[in-house]
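Look for subunit A in each of the two complexes below; its partner is subunit B in the first and subunit C in the second.
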Partner chain A sequence: MSDPRPVFRHIGRPVPRQEDDRLLRGYGAYVDDLPEPPGTLYLGCVRSPVAHARILSIDLAEALQMPGVVAGYTAADLTPSIRTMEPDRPKPGYKATFRDVMPTDRVRYVGDTVAVLLAEDPYLLEDALETVFVDYEALPVVVSIEDAIAEGAAAVHDDIEGNIPFAGEYKTEGFDAVFASAHLVVKDTFRSARMAGVSLEPRGVMASYDKGKGALTLWSSTQIPHLLQASLGELLDMAESRIRVVAPDVGGGFGIKAHVYPEEVIAAALARRHGGTVKWIGDRQDDFVTSTHARDYRYDVEMALAQDGTILAVRNRLHVNIGAYACFPFGSSAEAGGGAIYLPGAYKFAHYAYATHSVFTNTAPVGVYRGVAAPIAHFAQEGLIDRAAAALGIDKLEMRRKNLVQPEDLPFTNAAGITSDTQSHAACLEQALAAIDYDGFRRDHPRGEIRDGKRYGIGIACITEHTGQGASRYRTRGLHRVPGFEGATVRMTADGRLVAAVSQSTQGQGHLTVFAQIIAEHLGIDPSAISVEEGDTATTPFGSGTFASRAAVVAGGAVFRASEALAAKLKRIAGHHLEVAPEDVELVDGEARVAGSDMTMSFRELAAIAHSLEARPLPDGEEYGLESRAFYDPPNVSIANAVHAAVVSVDVGTGRVAVERYAVAHDCGRMINPMLVAGQVHGGVAQGIGEALMEAVVYDEDGQLLTTQLLDYLLPSTCDIPDITMAHIESETDATLGGFKGAGEGGVIGAVPAVAGAVNDALGETGAFVNQLPLRPETILALLRPVAD
Partner chain B sequence: MKPKAFRYHRPADKADALRMLAEEDEDARPLAGGQSLVPLMNLRFAAPSALIDLNACADLATITVADGVLEIGAMVRQREAELSPVVIEACPLVAEALALNGHPATRHRGTVGGTIAHADPVAELSGVAVALDAEIVIERQGGRRTVPAADFFLDALTTVVEPGEMVTAVRFPVLAPGTVTAFVETGMRGHGLAVAGIAAALRIAGGRIDWVRLAAIGVSPVPVRLAALEEALTGRALGEVESAIAGVADPLGDADLLDNLEGSSAYRRELVPTLVARAVRVAVDKMGVAA
Partner chain C sequence: MTGDKIDISVTVNGRRYRRAVEPRRLLADFLRYDLRLTGTHVGCAHGVCGACTVSIDGRTARSCLTFAVQVDGAELETVEGLAPDAELSAIQAAFHRNHALQCGFCTPGFLMAARQLLAETLTPTEEEVRTALSGNLCRCTGYVNIVRAVMSAAEDLRANREASHV
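And now, the complex of A and B:
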């Protein structure tokens, strides 16, 4: 393999996004924009209005008489032709979990689908849905973690006793003795809100069945076209060769669309049954009620320290409310497993113990969302460091400097067993402090000062981001349905142009641009001239999909490999005809050149030769065509890192927190495109500020969802997000091809603890520390009250 | 997100609109800017039998000042009223309140009559109307009545407007020279729907508050006139404002208090004195600029 690290020409440049031109001009086509084949039927779902109940009867008679209604089905009509989803297989710690796309006997959350209608018109469909009568017999409801794990709590699934489908434990050797010897133990219970990963475009699906071919095409607003194809094959008992899944333009996903949903399966089943096209488009309310929610953690964490502030050991007892069903394909453990191992993060303490649990409740299923458990893991860890600093009388920066993994510790295996060859915490810390002007802030804002009715605080969060997880990592985590690798095909067409097909699917991240940059690097052609395609199982190689900050690392690696092989072949052909060794050929500006001479061959010429369109032969043993396919499975996990610094003001009269200034020093290894890295961080920080300050999905004690619109579920607006100053450090890892690490989630992971830390700082001598998100004004005002009086 | 079927009429002027309202059944609704009604219909929280679309009624979209009254037609866009020199001159509190209502985009569609008739508990303009004793002009075919703002709002999203009637104008008093005003609100976000807000207008004479009008939005299903605070502040020197406010034990009296996801009733109770003090300070600060 040639040395991949000469001077880079395309990797590392802020290349403008290929995607933007057509999207900004309005030429994007999301599922609901696709042309509807004649006779398209609209799918509507009758949702359970109660959180837990036995279904006694379902009366579709009136609905079936309504104008425009073509058919109606209950679970009893459909389940024989749709298999039960099985997100988890039984193994130690993991119970088998099941979900019927329509429950047969009882509903388990408000939003469970009890019946569906097909109609010729979406308006008439909604009229008809209102007439369906379902008789329920109420069952006891469990909503919170505490409800569900209480002695004698009602079981959400009869076969899961205690409502805990997954539990895991871990303890480093000698933990107890070290913990017992500590000078100080600080502890608290940290809670996130339950959240919604609101994307601009809600979910939607259109399924078409070709009776002649016995083939199904399904367009879905999904992040995982290949896994969806595999699931449809399994659940509908169809050959995958007869199923094509296409993710057209997708208006955001954030992890929420990295799950297989009942509507996708039902639409496909009904398209097959009716021999035509069935379309379901979710609206904002559907999205809040039925799309996977996120977070909903309870972290009980204890940190043991020496008198000098050295962290000795951390104990983490974690519960995750995963709602009524394990999500598919990640299963019941994704959050609880992640939350347990994210915690040691940037710090080098040697002893760690966790006990982690997933908990079923009568609420919407919880799935992966940008950052998964990491924002709250770091919220807990940084929060305890702040408490310990106060208790020991040590400056909080000093505490962090003392405990961070340092360059001389590398490669480092942390107390949770995660190894990383490169990390730059100390350097990031100093750069973030400089960027936020930490010392200047301390000078300008004496502790305890109230200026114009506001207190000010500064927060620092040192975080890690688990990116680019490979097959071995998913196997260790017990996520048996997540492959972990990605694939790419890079091809030169007969006219000398470059096209690529990647196993990913994009929701706005800029994949097409960065993959083109990687190809350009190897093939010596401007990235804007390279067409990259994603999202269609018929034309792209198999892969896992877009989630968990994996595209740049894993698919990037596959593109890297495929490009390298194609470049080598071009050099061999050119070398043959120019009568030089392939090593003496370089690919620059769309042609092959012999270094130090004026001999060249254009890509067009080389492509024509490779496609036998010129009367010139290929070298002996060379195959026709210019197509190279590669798969890449990275080693385990790549740890990116960052330090976030936030300045907040707290209005002492209203309790409202505003983020005034923000800085990030960020390290995701070699950057392919710094502009897109900054974009990922900015967007993530905005979501993190929302998570820290306002976003919350709320159920009442009967399991009724109170936040079903954007009026109730508050997202930050541009007025809530300050300018973000960024510094980049590039600690290239040798562990991944190209030295890339992921960058998709660090923004939100850092923002939550940084903002919370800044609020702690502002609360200052009140001695109060926040432990529950979101930090809404009323909560903060209550914490301030002792001083205000 | 698909409304129920409805009939649709687009009258050319007020008389036409009143006639159509009279002819339609009692579930017909006027359609003004549509910024609230259309989302409510899409959610099927509202299912009017017919819409009388007022958007072509130019005679409902006038702003006039006469006899000490600023009269704003129901179909005047919020953005137009907010930026109108006539409004800013006669009753700046109206413009200040509208500047906090939604966003420029929603204010270009949303109307003065629409926000008053919709009677959202957090509607800024309703607070101004109650603080300043505005009058709401309500008409039906062949009839017209004028209702003081204090009597107009019955409950959240409920007013005295009867089927067949509509709001045709809102009449605000022209403020006496020297009056200073402020609208202060707080919410979960830097910009957006308020949790609570205060409309304030006052005059100072000889260093003392001579006249003051205060109303709170967002604390109760309808705007609350803060009479006890007005009384406590009248005659007070500027340095005594905070203590005068603190001296009123229960500024909200027996008003029903809202208690919802945005904040408990206790939180709202706590906000009122804070926001009133701020509103008075902001208003008084404007005197410095004016002087």
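And now, the complex of A and C:
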């Protein structure tokens, strides 16, 4: 463990991003912006229009005659040369799961790929795709959780009985007795919508095969270049050393792009087969149909309380609709496993039981999306606290204050067995209440008041965010395809400049800037002078990728460690030549300086010595070069926390909910760059407001997707998101290098329960509570109707 | 289906281009693939997201809903034309200072829309900024810093104008 560094010069400053300049000038290079090599072929996928069917025949004859079409393949042609993906290996609770990138026998959702075409031009490709004829024999379809788990339901995969590939159970000792003796039990069924992540850039991939070298380069809009490289090697039976994956600029990911997709594998396979470049760019409809969906949970939750409002025990029965296939690399259990352990969150009840299940259906695969199951876990928990407060006649805030984990409880192991050394719920609560002016709101809006046709409500949500999970955490969770650690190389070039390569890939989080700040801190040079690279497997060390709020903690730790080692070496070389002990050397403003003297050596001189480019030698035993590589595997998990406060208005005539004001008090440990932390929270809150109020992917009972464009799937716009007031608390933790915790997901985790709670508050004396998202006008009107009648 | 190509002549960011295009070629594709001006992005191709916003004869338009043949003879401006010199424009600089971009995919569209608004007024209210940008979607920023950046750019431009009047 390194010494805490009490005074920071670069960490903690709101440094504007080094990423911005080229993006602002329109010089970003997203995958579809990269120049195509001559002869590039465009890949088009023939998607199943039916949710569950046997494939009887596929006729490509007419398509192959169309202008510009070069080749066409059915699943029967291609699939035998590509290994089956195996996201889950069997173990207790987990069944083995499989997915062919193109199914040969039957399709399992609208969007499965049954054939592909290659053409010289994207317009001609579209023309040809329309001429492909596929004959299907319909099979029974299961769409909802209830359909899929009903007795006698059709099996989505023949070897998975009951459509449940993963189930888990847990109960604290003595749970039943405590639950049975409680004064009050409140319960409800909480449902989220199915959602789409909708990165503004849809997915896309370009694969080039060099026949001479037998080497593949694949540019993909992905969050996991290293894991993608490994899977391509496995699925195509190629050595990883022959595969280079590059994530260029990526236009948002949010977890959706943290999966390996069939199009990536197919493009690579066809580039190899044709010995050239194959490019596939998804459009928005492809994105809605084939990119992983998110959420789609049913939480049946019961909360047992004492008369004074103390929460005694919680029982959580959870089902997750994971669609037609388990996703790679997270497998079938990421959502169901997460939803089970996120629930105790900020509260210190001692008894908890869960039974959790993943359920296959004939819908698009559901994968990880910002917040994973946590927003709805907190929606359920905060919702039950509101119900209990009403039933017991206790103030809602009082209920929360009574049950929150307090500073004196730390370090705290919650009822799901998650330990954390720092949490600041009570402090965050007071700051959030002040920021939103809770008392002022209560004064101005008497309960039950309708002003200008609107009711007003205020909602408070106290949440935790599981960030920076390490290798040990992924192993306990059974996610054996997720490594958990990250790596970084920090190097001084022979001219004395600093470069770094990190195992992450960025989708806009500002990694390059924050990693430069960490390096700057150790090397004493301005962050703007440090260039950081990510996303290219040829130049960056192996690591897991960007998801689950891990970059700052895990890759940040690797950068921290590599920078420390490089700084130490520079001090040793400088100390040797300045004839002082290395401890007496400090690195400031691009030079090594003997503390308290005017003796200095510039980085240029030190670099020249280390690269043997001048007369002065390296000290004995010192290696040439100035390069330091480090890997970091953090402890299990780092718990960040926040309190969100939302004020909403509910139009009693139209049922429309509007978020009027919003405040967040947020604690992600030591912040590297508070401006970027706020940006992460803002974006998450907007996604949470979308999740709470408008976003929903809809299938009909035949498994037809009804929301295939942005006209059908509503995203929040500038008029739906108010300004957001932020307060930061930085709890000191020495559990992670640098004391960093993640900040990527807290925004969405807090916004869903805060907005839902505000609507509960607005419904006030009607006694209605929301339990189903999104809270669209028709839902709200139905809740208000009994009052009106 | 394919059709005969039509000759068009168009000025983009001050440079004149003559090209032969199919009637069905979208302006967005023409800019991105024929002229290799890839700063203009396509997020939906249905006129909803605004990522493809460009300026045609001084008015913003969706290049995903416009055919290249429709701009024959027109003057276009795209994001690449906003900062011809080394310096970022006032709006771009305000986006940088205020952290108004994350992945940057929506940014060109927002910059073009914001420029149109500030060409009309340098004293917009926050409400007016929100309305003017309501046809552009961003999935990363929650709009908070975008709105702040446009307000701040308006202030800078006002200060500049006053300075240039003294």
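We take it that the second predicted complex is superposed on the first by the 785 of 789 C-alpha atoms of A that agree within 3 Å, B and C clash if a C-alpha of one lies under 4 Å from a C-alpha of the other, contacts with A are read in each partner's own complex, and residues count from 1 in each chain.
Definition applied: contacts are C-beta pairs under 8 Å (C-beta built on N, C-alpha and C of every residue); 3 or more make two chains touch, one makes a residue touch a chain.
In this text the structure is predicted, and so the values were computed from the model without any measurement.
Novice: Is A:Tyr123 in contact with subunit B, with subunit C, with both, or with neither (first, second, both, neither)?
Specialist: Both: A:Tyr123 reaches subunit B and subunit C.
Novice: With the two structures laid over each other on chain A, which partner does A:Tyr30 touch: subunit B (first), subunit C (second), both, or neither?
Specialist: A:Tyr30 sits against subunit C, while subunit B stays out of touch.
Novice: Kindly classify A:Pro80 by the partners it touches after superposition: subunit B alone (first), subunit C alone (second), both, or neither?
Specialist: In the superposition, A:Pro80 touches no partner, neither subunit B nor subunit C.
Novice: With both complexes overlaid on chain A, does A:Gln709 touch subunit B (first), subunit C (second), both or neither?
Specialist: both
Novice: After lining up the shared chain so the two structures overlap, which partner does A:Arg656 touch, if you call subunit B first and subunit C second: first, second, both or neither?
Specialist: first
Novice: In the overlaid three-chain picture, which partner chain does A:Asp283 touch, first (subunit B) or second (subunit C), both, or neither?
Specialist: It touches subunit B and subunit C both.
Novice: Could you look at A:Gly440 and tell me whether it touches subunit B, subunit C, both or neither (first, second, both, neither)?
Specialist: Neither: A:Gly440 stays clear of subunit B and subunit C.
Novice: When both complexes are superposed, which of subunit B and subunit C contacts more residues belonging to subunit A?
Specialist: C
Novice: Can A:Ser717 be said to touch subunit B (first), subunit C (second), both, or neither?
Specialist: both
Novice: Touching subunit B in one complex and subunit C in the other: list those residues of subunit A.
Specialist: The overlap between the subunit B and subunit C interfaces on subunit A comprises residues 123, 127, 283-284, 709, 711, 717, 719.
Novice: Taking the complex as given, what residues does subunit B use to touch subunit A?
Specialist: These residues of subunit B touch subunit A: 1-5, 43-44, 186-193, 195, 261, 263-264, 267, 270-271, 274-275, 277-278.
Novice: So in the complex, which bits of subunit A are touching subunit B?
Specialist: Spelled out, the residues of subunit A in touch with subunit B are 122-123, 125-127, 130, 283-285, 453, 651, 653-654, 656, 658, 693-694, 696, 698, 706-707, 709, 711-712, 714, 716-717, 719-720, 776-778, 781.
Novice: Along subunit A, where are the residues that touch subunit C in the complex?
Specialist: Subunit A reaches subunit C through residues 16-17, 19-21, 23-30, 32-33, 35, 67, 123-124, 127, 198-202, 249-252, 254, 283-284, 507-510, 675-676, 678-679, 682-687, 709-711, 715, 717-719, 721, 723-724, 747.
Novice: Tell me, which parts of subunit C touch subunit A in their complex?
Specialist: That would be residues 1-2, 22, 24-25, 32, 36-46, 48-49, 51, 78-80, 82-83, 88, 92, 95-97, 99, 101-108, 111, 126, 129-131, 133-148 of subunit C.
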